[in-house]
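Shared between the two complexes below is chain A, which pairs with chain B and chain C, respectively.
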Partner chain A sequence: MATKASRGMAVPAAMSEGGSGASVEGVPVPTYEWMGLTAEWGTRVKPGEHGLRLSDLNVGIYGEVPEVWEDQTRRPRGALPRPGVPPLPYNLRSKHQMWADSAANLYEEAIQRRWIPATEVPWHTLEPLPEDIERAVCQVCTELSQYANTEIEIITYWQDQMSYGYYEVKQFLATATFDCARLIEVLRKRALANGGGLGVESRGLVNRMILESRGGWTESAAYQYLMRGTFTMRVLSGLLNAAHNDAERMIFAKAIEDHARHLTYGYDHLKYAVSHQAGQADIMQTLLSLGEVMMAAELEETTLRPALAIIFGGGIQGGRTVGMETFLHLVGDFVRDYLALCDWLGVPRTEMLHPMLKKYLEY
Partner chain B sequence: MSEAPVKQQEYALDTGWMQQMGEWGMHAEPGKRGLTLNEIQIGSYGEIPELSKNMTGRPRGAGERADAYRVGAYGVRAKSEIWLQNATFLYEEALQRQWSSATDVPWHTIEPLPDDIEEAECLLCTFFNEVEFVAGDVPARWVANTTPDFLEPRHVLIAQVMDEARHMDVFRKRALANGGGLMRMSGATSGFVGSIDLARDFTEMSTRLHISGEGAVLTMFRMGELFGQNEAEKIMYRLCAQDEARHVAFGVMHLRYLAETAPERREEIEFYLDEAEAQIMAGVQNPAGTQAETSEALAILLGGGKEHYDEGHKKLLVIRRRQLKEYMQRVKTAGFGARFENGRSTVPQQYEAAI
Partner chain C sequence: MTTAEPLSVKWLKKAQSIVNADSSFRKRGSIDVKMGVRIGKATYLVTFAGFSCHDVHKLNDNDLRDADFIVEMSADQWDRFLAGRRAGNGRTLADLDTTDGVVKTVNPRKKLEFLRFHTSLQAFFDAGANADATQAA
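What follows is the complex of A and B.
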């Protein structure tokens, strides 16, 4: 075969070599028209100490991630296009609309850290809890399930609009929805395994905000990860600290592990968007000022508030004192995390923070 | 978390929500396969509505709130549109059988291949890299459009998106691991009428994707033992076949459920199958199809090089026959086998001719 060194060049040498020669009866004569059609040949990636990872593939043209990917087909990055292929509605075609450098490694990490609620959670360690605490745990499971469901629905809304040029992000988001499905599964199992049941649904103020963020994936990521996700991480950490048995400890530890990947991607993407798209920081300021209103309102009305207070306080009585105090500190920590992240992103919010969130800084 | 200096203050604590919760007193217990989704189909939590009125994203069985936002806008709310009997099993199996293309494929077994064989393998990998995620993009879209009351099929579809991401990745890895590269795209899954992407109905999409498209690919993956050139490729195809079998099973079992519970849609489904069958060998979505250039690549791989193309082509015919045979079996299992007896389907004739 002729050398494939020339980029984008069709090398017809293989065809002229003839192959099998004359046709055999019933066997169509091969054309071999596809042979030699490559943009870059001679690639030989090697596994590293963690195996052959997605990021190992970013060599030569295969690692060139363009700022804009105009191709609306499913052409893999680095493959040759085929003229005349009708487009698909890939509406997100700019790198700043979805990119995060960490996506490829987070994808591999998600696969390595897979876990199975059915068989790996030590369900036999569940023991009956006082009814008020069991009700609180079940309520938290219900609301966190809705959080995860919202994340699934917003990712899957955008995922098929993301172009193939940024396939690492599409692949990472596939693991994120899978994580969310597993979280819904394990929380449902927990709620139905210890004498309780599901709680009452959330009113869904922030869920609505996230699902209505249709201005672009970056807007969704700001609400889903910077705002809701940062709060959720604090909630999961609080639940891990207050776990009643090994089953709950494992559930919340694994949930944190998964959620941390989602946040890493989300923060990384927001940073990329703010630093690579003129005007994005200003847009973020507007989005966050609106989002803070919703977030603050939900923190006032959510049933997570009393439910977590009961868990942290060891019952209703303790929930009225130390439990609620602990919850308020948890929210204070969330607001501090949020402000620090906003500073890091280049979208400082400290001076403009909504008063309804600012009040938690006293805790 | 910051330290909580306990103030001697008593806060208001609303406990009214405790009276609005879902059914109470559930004691799901692990079975021999652990605490699977099947074990939590208890009480009202196992009752699947024929028509979901859940527009708020509420987990099935949770207490309802009159003031909850109707954020769902779910288009798929009838059970017959998406349900299948074995979804819990397929989802749990998907969890059990996750694998890593980075570490579970023995990449070290890959050795330099003759140019024609490497190029054939790379064309096939380009094809799969391109088309595998159609089965990720499209189910993802339907997940967002399906009420969470149908949690189990939604979860299977989400697991499928995960599987397809891994397939896209493993074929890209193979194409770039042995001195080759990606080649020209096929354009097989584009925006033309009748394509998987553009289906406006879930069952129509599932028929195109799971029964026809993935069914043909599943047969191919199963035959990977024949055209894989080394242990890495054989394992790659074997692991992909394992995943693909679940996806095809979803389609078959859903179609079966629909046939049993919505007989008024049978004729409509027959038309979808007519369309699928017209493309099964002649379309370019089947990598072993008569018009697909990947067929030439397969003949090279099956024969062991261009000089054995004719021999490889004979083996390719075996794959095509097997694709048709397995397709017929799936359609029979789904409850639409009469079409092969009453003359409606041309697949039996295609099967006889593919020798």
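What follows is the complex of A and C.
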């Protein structure tokens, strides 16, 4: 194909009206003016040993990720803008409001490490459990489903407002919502596949706190990932440890991998925000001091507490002793993780930790 | 394998060659991680990139910073871990870590490098454990 110069680049020349083929009567002749319009042409990204990844495409102007993306349209990064396109409400247009360097590769990881609950979980390994344990497992499935649909709702609320200049983040978050949908699917299947059913809805103090965080995605990410997500990882690990059969082992093993990707993005974003936006560390301190109150209150009253104790203790009897002790250790581990992460983020909380959370450090 | 050296480069390379020849390992998805393994006094670095295990070598303690995380067990723990996996009912690394803290990291963020890929890493150790069993039979 012939080429012509456009902004110094060699691009395909616009073809003459009618092109090389004969026109068909009654069919409009296509126009070709757009063919010469590009910001950068001649890009040839080669696949590496991982295949062709999103991050590999960050070459030339396509790899320029600006600190602020003023464009309020759906224009893909690197495409030419079209005058006259009305703005849309993309209110998050600064890199520090959503960025994490890991987002593009986490997107690829999510696509490559996907799994299929319908056929890959060995459902035939489910066996009847004592009723108290089955009820506890089902209650945990019920509450974790609510955790997952809260994550979907808060991501999609903000995703809608994220500008296309940071498309890697929007792409990754799309996989995170899919992961959450899969978690809801598999937990519902577990609850309904072994003689039980769903339990009671949780009061959802932290869910509400997450969903009502309206100061920006970074605020929501602090609650969703640093607080709730860090706790959830400990819960999933505890459930893997206490799994009753291979079906549960696979469910929680794979849920941990998915959740770890979400936390990787969440923690990396918070780190980016704190280190690239003046004053963000102070804002985080305020947010976390408020969030700790809700987290502590929920830990006191959540039905997850007795349900997990029963699972860890092998029944109601054991749930009163070793089961509750295990649960308290789990919460202690969560609080230690949380404090270590706050240190890593540059938002130390050890001295200011809410007393209702501090008490778990005894375990 | 001797009591003095419960794990060796040879053992790890065997696991490496098995998973690299196994299409089901690739199907688990890409894995990009540098795993330190310290059993007893000896330390090794196992590097995964893309869909395969790229490299295995012995490490000095000074080079441990190259690792994203370190799987650390006593010789006894390691033997029990392998025996359980060979028998088909043993605890996984992720499971063991919950109670015994066998995966060491400098902070909880680094622990995610293990948790994101733990089923692939388990497949690697299972490959080595099962090769032992096949050899012994």
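In this section, the second predicted complex is superposed on the first by the 332 of 363 C-alpha atoms of A that agree within 3 Å, B and C clash if a C-alpha of one lies under 4 Å from a C-alpha of the other, contacts with A are read in each partner's own complex, and residues count from 1 in each chain.
The criterion applied here is as follows: a contact is a pair of C-beta atoms (placed from the backbone, for glycine too) under 8 Å apart; a residue touches a chain by one contact, two chains touch by 3 or more.
As the structure is a computational prediction, the values presented were derived from the model and not from experiment.
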Touching partner for A:S237 - first (chain B), second (chain C), both, neither: both
Touching partner for A:Q112 - first (chain B), second (chain C), both, neither: both
Partner contacting more residues of chain A (chain B vs chain C): B
Partner chain in contact with A:T264 - chain B first, chain C second, else both or neither: second
A:R214 touches, of chain B and chain C: first, second, both or neither? neither
Partner chain in contact with A:I256 - chain B first, chain C second, else both or neither: second
Chain B versus chain C as contact partner of A:E33, first or second or both or neither: first
Partner chain(s) touched by A:H50 [first = chain B, second = chain C, both, neither]: both
Shared contact residues on chain A - chain B and chain C: 50, 108, 112, 114, 237-238, 241
Interface residues, chain A side, partner chain C - complex: 48-50, 105, 108-109, 112-114, 230, 233, 237-238, 240-241, 249, 253-254, 256-257, 259-261, 263-264, 267-268, 271, 337, 340-341, 343-344
Residues of chain C defined as touching chain A within the complex: 28-30, 32, 49-51, 92, 94-95, 97-99, 107-109, 112, 115-119
Parts of chain B lying in touch with chain A, wherever the complex brings them together: 1-15, 17-18, 20-30, 33-37, 39-40, 42-43, 45, 56-59, 61-65, 67-69, 71, 91-92, 95-96, 98, 100-103, 105, 107-108, 115-116, 119, 122-123, 126, 129-131, 133-134, 136-138, 140-141, 143-144, 148, 151, 154-155, 158-159, 161-162, 164-166, 168-169, 172-173, 175-187, 189-192, 197, 293, 296-297, 299, 306-310, 313-314
